[in-house]
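See the structures that follow.
Heads up, the next two complexes both have chain A, just with different partners, chain B and then chain C.
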Partner chain A sequence: MKAIKDSVAGSLESSDVLVTLRPSSEAAVSLQVESIVMKQYGRRITAVAEELVAATGLSGASLRIQDRGALECTLRARLETAIARATA
Partner chain B sequence: MGNPLLEAREARWARRLELARGLGAGGSLLSLTLRLPAPLRVGREGAGLGQGLYAALRRASIDAGLGPGRGEFRLSADGPEGYLELDVGLAEAKELALGFEEGHPWGELADLDAMGPGGSVLGRAELGRRPRSCLVCGAEAAACVAGRSHGLEEIRRAAEVLLGGPLGPPGTRAASGAAAPELTLGPRGPWAGAMGESSRAIGEAALRALVAEAAAEPKPGLVSPSSRGAHLDMDYGSFLASAAALAPWFETFARLGRGFGGREPDELLPSLRAAGLEAERDMLAATGGVNTHKGLIFSLGLLCAASGLLAGRGERLEAGACARMAARIVRGICERDFAGLAGREASTLSAGERLRLGSGLGGARAEAEGGFPSVVGASLPRLRAGLSAGLGRGEALVDALLVLFGQVEDSNVLARCGPEGLELLRSSSARALGLGGMATEAGREAVAAMNEEFAARRLSPGGCADLLALTAFLAELPG
Partner chain C sequence: MAQSFRSWEERALSEPGELAERELLLRSRGLSVPGGESLVLGFYDQGRLAATGALVGKVLEGIAVAREAEGEGGAAEVVTALIKAALGRGIGHLFLFSKPEEGRRFAELGFAPLASAVLGPGPGTGGALGAAVSRGRGVALLEWGSPGIEDWKASLARAAEGKPRGAGVVVVNCNPFTLGHRKLLEFAASSVPWLYVLVVEEDRSLFPFAARIELVRRGSRDIPNLTVLPGGPYVISSATFPTYFTRPEPGQEEGRIAELHAALDLELFRRHAAPALGAAARFVGTEPYCPTTSVYNRLMKEILPDPGREGPALRVVEMPRFERGGEAVSASRVRRLIREGELAAVRPLVPPSTWEWLTSPEAGPVIERIKASDSRH
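Coming up: the complex of A and B.
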């Protein structure tokens, strides 16, 4: 599933995450992760994002994740929404 | 997306960016949410706490010399949210926020974000401040939240310790039929007899009365946390937003009374009216044009002014004296305001004025000019009796409301449902009180039935609701 437009999901409020997705010319998905709990959860956030990218078959996109301490279920929901909005 | 909480948060973020785009160059926006997990944040306890925190934040802003700002408070699926636009720079607004979060007794439960024009944000890290610590264990809060380090009950206990009272498990009333614990707003300690004599204390008591009235339930035909009653255009959130907007005004009314001095009390009325019109404008702005508290601005504003006047003269602040002083301030108001109605074209009259001509009823003006006889003589004694008999504040207020239903020719009811409506108000409340009111199962069932019938007939005793708020206010005074 190729990203065809810019999309955003979530917010920069505490305990939430802002996911920004942009179409890119490269086939692979590039991932950029920032988090206020990078030390503890940075690897987990990256793993969840990679898992969802694989599961949805997303391609041709750059994905930016600005995490403000979101729960994993929130992160998943925001990623799914951003991907759905970019590929619809 | 399908998750109402996440959708509400996205909508809030969009609202913040929108408000931030509208800021002037030197302005900033604070937004308030509760720093509690969703199950504790949404529902009536969360609503009461959010409202209390929002009002406290606006006071903190005034105290810090940053002005009352322009505000907006509402309840979303994600819980209460407040916005405050200030005419100061982002750094100053963030300092106010940090001071509140760290200095106010409830500040630890508030989550305040600051945004500048165009959506720039300023976090603790940029100011070289330490990240917020966890309510429960004091470690870095974000890590505890992201990792779900603490259970709901653990967090609830920590919040209750901070509040000095119960937060209350949401939904217990529906689940067990028992009264849900109520959050005490304002200073800790007993609700009744809590009012001090400073203008600020009088204003705070007025706000407590508004919120206590709005939160009491079930109130047949009226807006409460779980029902819109007979109303389609307003809900509990409208009342909280309105209360938040009016909070500083009640203090103003008290101050006008206190500074008035020894002249004849009725000379105070013109300045109260001018302030009342401003307060009304703020109310309409806060509710999106809905009239939630217009009658109450008049009558409770009057009681605040009367309290201030008595306090300023060093007289004993007591319920009966306060009501009598209010009557002296509005002496002659019915005659003046209603004079000349008879000579006017019917098409130029308002609904209330037509009602006055047709029935001779004077509504809120007459009640005030008579020294609030329905309150002082009926609903206040009933409220005090209920509280001393051990009823919860909400239940005692509902009983007092039933007493008002039987006493008052409510002009809202008369205008909408005619004399039949008044008769229904009287007979159904007499029956519910005869069954024991909120103290008995049968009484509570009768009130629940009234609730449904009033909603179906669109019968809304708004005049009685106003008098109930006055009752809650006067209950804080001795005598």
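Coming up: the complex of A and C.
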């Protein structure tokens, strides 16, 4: 599914994550991950994002994840919401 | 603790009473009302205004959390709401002004610091830039989203590829391009190995950007060591230098803010644009009329050559305005003549390429706009 509009889900509050998705001209999805626990969880966050991108077949988007210490279930929920909103 | 602020009620403020309450909150935190807001948000805790933030175009401004509501991630909630509102309006690249000492708080929210500026003792005491951070005398600029400053620097570096270092830079609005600009470019190009002309891209002038940059290109085509570039969002733009476009009177609080913005624009230029272009000098014409521009020129001579700042120091060369008929040739003079219906008197003040454009059908709407306006630019 191609991203057709800007979308955002989540927040910058502590224990949450802000996911911003913008359509881009490139076919691939570019991923930018920031986290207050980058050393411990940066790779896991990237893996979850890549998994969801593959599962939804998202394309043509740049995805920015600003993690403020969210649980994995929160991260997944935010990603799914942002992707659904961008492709609807 | 998240529980307590999830109960905040968010709403857009528009009533005079709400805005007055918001102004009190801003003042209590040492902030002034930004002005020109496209959206003002208020966050209420049981009927009391606990926090506020505003969107001025693509700039997040006037963000404050009441003292009693502090320390529970309030700023994060305000910033999140503003980011969502901006994205909802199709704005994906945002700027934020904060006090320098609070820049770190916003950096933690994913904002990248671009530059900061601090003014010394106020106007009347020489206005020297000092290192001391005093309340309300400094400002930091941060950005969020893309394309960001790194993309812009990469585009400048591409434009400068293969060109000699030690180059010069002129930043111009050229509203429109006159013989005064032409003389400045000739002089500057003759004293450096290469000259970059950055044209202010913000479309807030009577001549649209597309026409302004085209006239600069046509009017400087015969100068071999010169490249004309769009100024982008970081050179005298409404994000980095909003007061350039509103021209407040100096001496007032707004004048002091204008000084801060001018200083910020120069710090940005020195830290980011100049190194990307391999520039060692900046050229500028003297400014006899406009107070905002004359403050800008004064700060330029303080900030760019100062060895104690971040980024390589630059030479500043100020050239006296070219005169014709005992009066400086300036774009504002050209606009004044057009407004007064004296188009023929413009001819000796502009290069043939500008004259040709002014008398073409394309110029019609612009000339009508100038005649109908009393804007200074």
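The rule is simple: the second predicted complex is superposed on the first by the 88 of 88 C-alpha atoms of A that agree within 3 Å, B and C clash if a C-alpha of one lies under 4 Å from a C-alpha of the other, contacts with A are read in each partner's own complex, and residues count from 1 in each chain.
The rule is simple: a contact is a pair of C-beta atoms (placed from the backbone, for glycine too) under 8 Å apart; a residue touches a chain by one contact, two chains touch by 3 or more.
Note that the structure is a prediction, hence the values are computed from the model and not measured.
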Clash or fit (per the criteria above) of chain B with chain C on chain A: clash
In the overlay, answer first, second, both or neither for which of chain B and chain C A:6 touches. second
When the two structures are overlaid on chain A, which partner does A:68 contact: first (chain B), second (chain C), both, or neither? both
Regarding the shared-chain residue A:78, is it in contact with chain B (first), chain C (second), both, or neither? first
Thinking of the overlay built on chain A, is A:22 touched by chain B (first), by chain C (second), by both, or by neither? second
Would you sort A:14 into first (chain B), second (chain C), both or neither based on which partner it touches? both
First, second, both or neither for A:34, with chain B first and chain C second: second
Name the residues of chain A shared by its contacts with chain B and its contacts with chain C. 11-15, 36, 68
Chain B touches which residues of chain A in the complex? 9-16, 36-37, 40-41, 68-72, 74, 77-78, 81
In the complex, the residues of chain A that touch chain C are 6-8, 11-15, 18, 20, 22, 34, 36, 62, 64, 66, 68
Complex interface listing, chain C residues touching chain A: 2, 5, 73, 76-77, 79-80, 83-84, 87-88, 90, 92, 108-110, 145-146
For a test of understanding, state which residues of chain B touch chain A in their complex under the given definition. 1, 3, 6, 9-10, 12-13, 33, 35, 111, 113, 121, 131, 140-143, 145-148
